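When the chains are written out, they are named A, B, C, D and E in that same order, and each has its own residue count from 1.
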Amino acid sequence: DTVSIRLDWAYGSEHAPIFLAIKKGFFADEGIEVKLMPGEGSSVTAKLVGNRDADFGYATADQILIAAQRGLPLLTTAVILQQNATALIFPKDKPIKDLKKDLAGKTVGVQLKSTTKLQWDKVKGDQKLDATTFKEVPADLAIVPLLSAGRIDAGIGYFFNDGLKARAAGMDVDWILFEDLGVKIYSTALFTNSEFAQKNPDLVRRFTRAFVKGWIYAKAHEPEALAAFIEANPETDKVYAKMKLPEVLRLTESEDVSKTTMGHSTPEGWNSLQETLLQMGVLPQKIDVGTIYTNDYLK
Amino acid sequence: MGKAPRITIEDLSLAFRTGTGPFVALDRVSFDIAPGSFVSVVGPSGCGKSTLLKLLSGVYSPTSGRILFDGKPVEKERLQGQVGYVFQRALLLPWRTALQNVMLTMEVARRSMTRAQREAEALKWLEIAGLKGFEHRFPHELSGGMQQRVSICRALAFRPQILLMDEPFGALDEITRETLQNELLQLWQQTETTVVFITHSIPEAVILSEQIVVMSARPGRVVERINVPFPRPRVDSVREHPDFVEMAGHIRSLLHPRAHAIAAE
Amino acid sequence: MYRLSVTLGQFLVFVVFFAIWELLVDLLHIRPVILPAPTAIAEKIWENRALLLKESWPTFAAISLGFIAAVVSGFLLAVGIAYSRIVRDLTYPFLIAAQILPKIAFAPLFLIWFGFGLTPKIVIAALIAFFPIVINTAKGLTSVDKELLQYMDSLGSSGWEKFTKISLPWALPYIFAALKISITLAIVGAVVGEFVAAGEGLGYVINSSNITLNTELMFAAIVTMSVLGILMYLAIVLLERYMLPQGQLEDSGHSTM
Amino acid sequence: MYRLSVTLGQFLVFVVFFAIWELLVDLLHIRPVILPAPTAIAEKIWENRALLLKESWPTFAAISLGFIAAVVSGFLLAVGIAYSRIVRDLTYPFLIAAQILPKIAFAPLFLIWFGFGLTPKIVIAALIAFFPIVINTAKGLTSVDKELLQYMDSLGSSGWEKFTKISLPWALPYIFAALKISITLAIVGAVVGEFVAAGEGLGYVINSSNITLNTELMFAAIVTMSVLGILMYLAIVLLERYMLPQGQLEDSGHSTM
Amino acid sequence: MGKAPRITIEDLSLAFRTGTGPFVALDRVSFDIAPGSFVSVVGPSGCGKSTLLKLLSGVYSPTSGRILFDGKPVEKERLQGQVGYVFQRALLLPWRTALQNVMLTMEVARRSMTRAQREAEALKWLEIAGLKGFEHRFPHELSGGMQQRVSICRALAFRPQILLMDEPFGALDEITRETLQNELLQLWQQTETTVVFITHSIPEAVILSEQIVVMSARPGRVVERINVPFPRPRVDSVREHPDFVEMAGHIRSLLHPRAHAIAAE
C-alpha cells in the first residue's frame, strides 16, 4: 500500500524520527510505501487531510481540533509532541523575568500565521498583562532576524525553532515556555481522515504503529535519527539540526506517556486543549473530543 | 478574369456621425458606370469624392440609396479580387518592404498565383514606376512620391476589374506622372477594366477619361456629367485643341461659383 | 438599448455563476472549510460589515501609496530609458533582474529592512506594480511618429515641449494600459505585504481567518478586497475616459451612420 | 565600440553593487540570517550546485507551461474582446475581478482543488501572467490604422487575412511588451505555487530554507531563480528581434549618417 | 519680428543608412537664398527635395557641408519661431481638433500671444482655407485635402520669417489652390518672409517664385538655377505669354532626360 503523509512545515530535524522510520524500513515491514510531503503550516495540513488529499497528516493538535469542529472528519491516532513548544523568546541582555514589569516599552514580534499568536492572547489574559505598555508587531517567519536586527525585543515562537535557531546563529537568547505560563496543550500529532480510517482500519493501524516505532527508536538512538535526517536533507544546517533534535524528543515525554506508550493521549488532555481554544476565542462551540482522537491504533 | 460589371449608383447618401451631430457628406448621388469605361470625378476638396470611392469599394455602407453591380447589390464576397483601390494616403504596411507591399494585394486577391509569379509581377510594376533599386526599402525610407508610387503599383499589379484611384498622381512630378498615366491607359485599353479616377487636375481628367463627373460640396452632389468625345490616343497636343480648352473652361466654371461660396461662407 | 442589455447580460452571467456555485456546494456536500456557499459568504460579509470596512482603510492606503510610488518612479525611469540610450542599456538588465526576483520571498526580510506597518506593504506593492509602467511607458514614448517630432524640431521647440505636446499624449494609451495592469498588481502586492507584515488590513483578515479555518470570513474578506480593487480600477478607467480625447479612445474611429 | 563599453558599464555596475553589499555586511557585522554576504551566497551556490540545478527543472517546467497557457488563453480572449463588443462587455468585469482577486490567498485552496505537483503551480503562474497579455493584445489589435483595414476590405479580403496580415503584425509590438511583463509574472506565480503546493522546485527551496532560517541557501536559490528568469526573458527578447522586422523595432526610424 | 536671414547652402551632402548600405540622397548642393525671396524647388520624385527642406529646418544634420543663416551655422535655439514648415504629409496630431492643431505652432513658436489671440489667428486662417465649420473636427474626420489645408494654416498662422513648404497644394483642387496661392503671395509681400517652396507643377513654380532650383535624382544634385523675371502681380494670363511658355518648356527639358533615364534604369 502507498500512504501519503503531509507534515506541518518544511523538513527539519523535528521530523528526523520519521526519516529514520523510513530508512530503517519500519513502514516497509508493515507493507507500506510512504509518500512524504512537506507542509505549509498546520492549518493547511489539517484541511488537506480533511479533504482526503493526503491520507495522514502531522500537525498541531489545536488545528486538528479546530478543523474537526469546522466539520472536517479528522481522527488523531497518536499525539507525538505532548508538550507545548511555544515560548516567549528574548535576548539574554534584555531579559524578561517578570512579564508584568519587564515587557513595558518593549516590542514583541508575533506570528500571525500560526496559533502561537492566539496562545499569546490567552497568556496576556491569564496573566492580566496591560497590552498598552508594549507594542506587538507581525513577524511571521522572521523572529530570529528581527531579534538579531534589534527590531523586536522579544518574539513568540517555538523554542525549538526560533529559540534554538537564534542560538545556532550565535545569539544569546533565553525563553519562557508557555507550558510554564499555564498553556498546557498538546502539540504536534499524527492524524488521519476518519472516513479513511473506517474503511482501512488495518492500514491505519499498521501506519501508526510504524510511525510511533520510529519515534521510540529515535529516542533511544538519537545520533542515528540525526544521521538519517541529514542524509535525506544534505543541505540542512547541521549545527542547528543537532541542537534541535534532543529538545524535540524531550517534548514527547509526559506523565501519561511514561505510564502508557508513546503517542498516547487522554480525555483530560484533549478537554484542556478545547478549554484553552475556547478561551482563545478560535473555537465557537464545544465538540465531543472523544470523536477526534483514539488510542486504539497504538495497539 | 471575368468582365467588369456595370455599376449603378442609385440615390446614394451618406452621413457621418460627428461631435456636432450628423454631417451629410454625400447627398442623393446617382449615376451609371458602363463596364470598361474610364470615369473621372472632380470637385472641390471635401465634397465627398473619397467617400464615394469608399462606398463603391464596400468599405462604407450608405445611409440610404444603393450601389448595384450588374443589377445586384454589392457583397463583400463578390468583390474579392475585383477591386483595386489606390487610397489618397499611400497607406503602406510599415513592416513590409516596397516589394512585399506590392505583393500584398496579390496574396489576397490572386490566390492562384505562385510566389514567384507574384514577385515577378510586383517587380515589373515597381520598375515601371521608376522604383528599381528601392524594392527592399521600408516605407519610411522612401520619399513621399515613392510611397505613393508603391501604392499605385500595389493596385495595378493584380489587374483588377475595377480600379478605384483617389488622386493617385497628385504627389508625382510631371514625368513620372505621364509615365504612369500612359501605363494606366494601356492597362485599361488592353483589359476590360473599369476605372474610377479622382483628380484635382482638370486637364488630367479630360485627357484620361471618357466621362467626367463634376461634384459640388456641402452637401456632396453631382453637378454635371460630361462625356469626353476626343479620339484616342490623345496626345499632348490635344491640350491646345479649342474643344479641349472649352471643355476645361466649362468644368472650371462649374467648380468656380460653388467653391468661392465655400471659401467665403 | 445596447448598454442596457449588456448590463443585463453581465448581471445574468453573475447570477448564473453564483447559482452554479451555490448548487455545486449544496449537491456535492462540500464543506464550508473547503469552499463556502455564496449565500454563506454574503451572510458573513453582512455580519462583519463594520470590521471589513474598517480593515479596508489600511489596505486602501497601502495600495494607493504603493501604486502612486510605482507610477511616479516607473514613469521617470521610462522617460530615462526612452530618451537616453545609456540609461536604457545600464538599467535594463537590473530592471529585469529586479522584476524576476521573487519579491514575495523577500517579504519577511522587508520587515527587517523597512520596519513594520505601512512601509513594507507600500514597498512590496510598489515593487510589484513598477515593471509594467516602465515597459509600457518606454514603449509608448519610443513609438511616436518620428516625423511629428521632426515637425516640432523644425519649429525649434524645446525637448520639454516635444515631450508634453507630442510624446506624452502619444504614449497615453500605452500608459493607461499599464496603469490598468499595475493597479491590479499593486493590490496583489499590498495583500502579500499584509500577509506577512501587518496586523491590520484585509490581507491580515484573509490570512488570520485562513489559519483559524474560518473560510467564510476569508472569502468575505476576499470579496471585499475585490470590490475595493474594482473600484480603484474603475477610477483609472474614468480617468482614461476623461484624459484621452475622442481621437485616442479605443472605440473611436471612422464611424458612418 | 558602444556595445563594448555598455557591457563593461553593466559589468561595472554589477561589481560595484556587490562590492558595496559585501562591505556593508562586513563593516556593520550584519548576521547572515539578516543578510548574507555575496561571497557567502556564491559559496553556497557552488556547494549546492547539483541541488539547485536539479530543483531548477520543475520550476522551469511550471513557469514555461504556465506562461504558455497564459499566452494562448490570453491571446484568444484578447481576440474575442477586440473583435466582439459582446465578448468585451461580458468578459471585462469578470476579467478585472479575476485579476484583482488575491490569487495568492487562494493558493492553499488551489492545493485542495487541483492537487499537488505541477498542476497548481501552472495554474497560479498562468492566472497571474494572463492579464497583461489580454490587456495589451486587445489594445494592439484595436489600435490598427482603420484605413489599412478599409484597404483590405476594398480587396474583399477575409477577416482572417485582415487579422494575419494587418492586425496581428500591427499588434506585435504590444504583444511583445506584454510577453515581457508576463514572463516575469509567470515566474512570480510559479514561485508562489512552489511555496505552498510543492515539495520540489526552487520556490520550495526558497520557502523551506526561509522557514529553517537557512538564509544563505535561500539567497542562493533566489539567485538561481533570477538567472533562470533572465534566461527566459532573454529568449523572448531574441524572439522579438527575430519576429519584428526592422520597421517595427524600437530603435529603428529615420537615421541619417 | 526680425528680418529673415540670408541662407547660404554650402556643399551640402546627406547620406542615409539603409539595409543595403549608405544611400546618397543629396550630393554637394550649393546655393544662396536672399532674405525675403521666394524660391521654388522642382525635380523628379525622390531627388531629395524633402531631404533638403529637412536640412534647412535643422531636422537632419548634413553628412558634410553646411548651412549658414546670415553667415552663422544654424542652431536650434536660433531657429525657434523663425521657421514654418509644411510637411509633405499633413502630419496632424490625431488627438487635437483642426483648431487646436493650428494653435500648436503658435503655442510653441509665439509664446507672447495670449490664448485668445492664438485662437483668433487660427480661426482666421482656417476660414481663409475654407474650413469654417470644421474647426472642431478631429483629423480623421476631415478629407485628405482638408487635412493638408489645416497643416498649411498651422504653418502660416504664426507668421514665420522662413517658410518651408513641401508640396503644400498638391492635394487641393484648383480653386482652393488659387485662393491659398494668393494668400501666400500676399503674406510674402506684406512681410519679409523667405519662402522655399517644393512643387511638381512647373507652372505653379513659375507663377509664384523669383527663383527656381531644378534638381536631378540619384544622387540629388542642383541642375540649374533659374531667375523668374516676370513682373508682379502675375495674373493667370501670364501663362500664355511666350516667355512663360518658353521657360516652362526649358525646365521641362531639364527634367526630362534624367527622369526618363531613371524610369528605364
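The working rule: contacts are C-beta pairs under 8 Å (C-beta built on N, C-alpha and C of every residue); 3 or more make two chains touch, one makes a residue touch a chain.
Model, not experiment: these values are computed from the prediction.
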Shortest walk length in steps over touching chains, chain A through to chain B: 2
Partner chains shared by chain D and chain E (touch criterion as defined above): B, C
Chain whose mean Cα position lies farthest from chain B: A
Reference chain E; chain at largest CA-centroid distance: A
Inter-centroid spacing, chain D versus chain C (mean Cα positions, whole Å): 17
Interchain centroid distance [CA atoms averaged], chain B/chain D, Å: 49
Whole-Å gap between the CA centroids of chain A and chain E: 85
Whole-Å separation of chain centres (CA-atom averages), chain A against chain D: 38
Residues of chain D whose C-beta touches two or more other chains: 34, 108, 112, 146-147, 150, 195, 207, 210, 246, 253-254
Sites on chain A at which at least two other chains make contact: 47, 51, 141, 145, 149
Shared-contact residues (touching 2 or more other chains) in chain B: 16, 19, 89, 138, 140
List of chain E residues in touch with chain B within their complex: 16, 18-20, 42-46, 49-51, 88-89, 128, 130, 132-134, 136-138, 141-146, 149, 166-167, 170-177, 179, 200-202, 252, 255-256, 259-260, 262-263, 265
Chain C-facing residues of chain E, complex: 54, 57-59, 76-85, 87, 89, 91, 93-96, 104-105, 107-109, 138-140, 164
Contact footprint of chain D on chain A as seen in their complex: 9-12, 37-38, 40, 44, 47-48, 51, 53, 141, 144-145, 148-149, 165, 169-171, 234-237, 240
Complex interface listing, chain D residues touching chain A: 31-34, 48, 51, 108, 111-112, 115-116, 195-197, 199, 204, 207-215, 217
In the complex with chain D, residue positions of chain C that touch it: 6, 9-10, 13, 34-35, 86, 89-90, 93-94, 96-97, 99-106, 108-109, 112, 128, 131-132, 135-136, 139, 142-143, 146-147, 150, 173-174, 177, 180-181, 184-185, 187-188, 191-192, 195, 203, 206-207, 210, 218, 222, 225-226, 229-230, 233, 250-251, 253-254
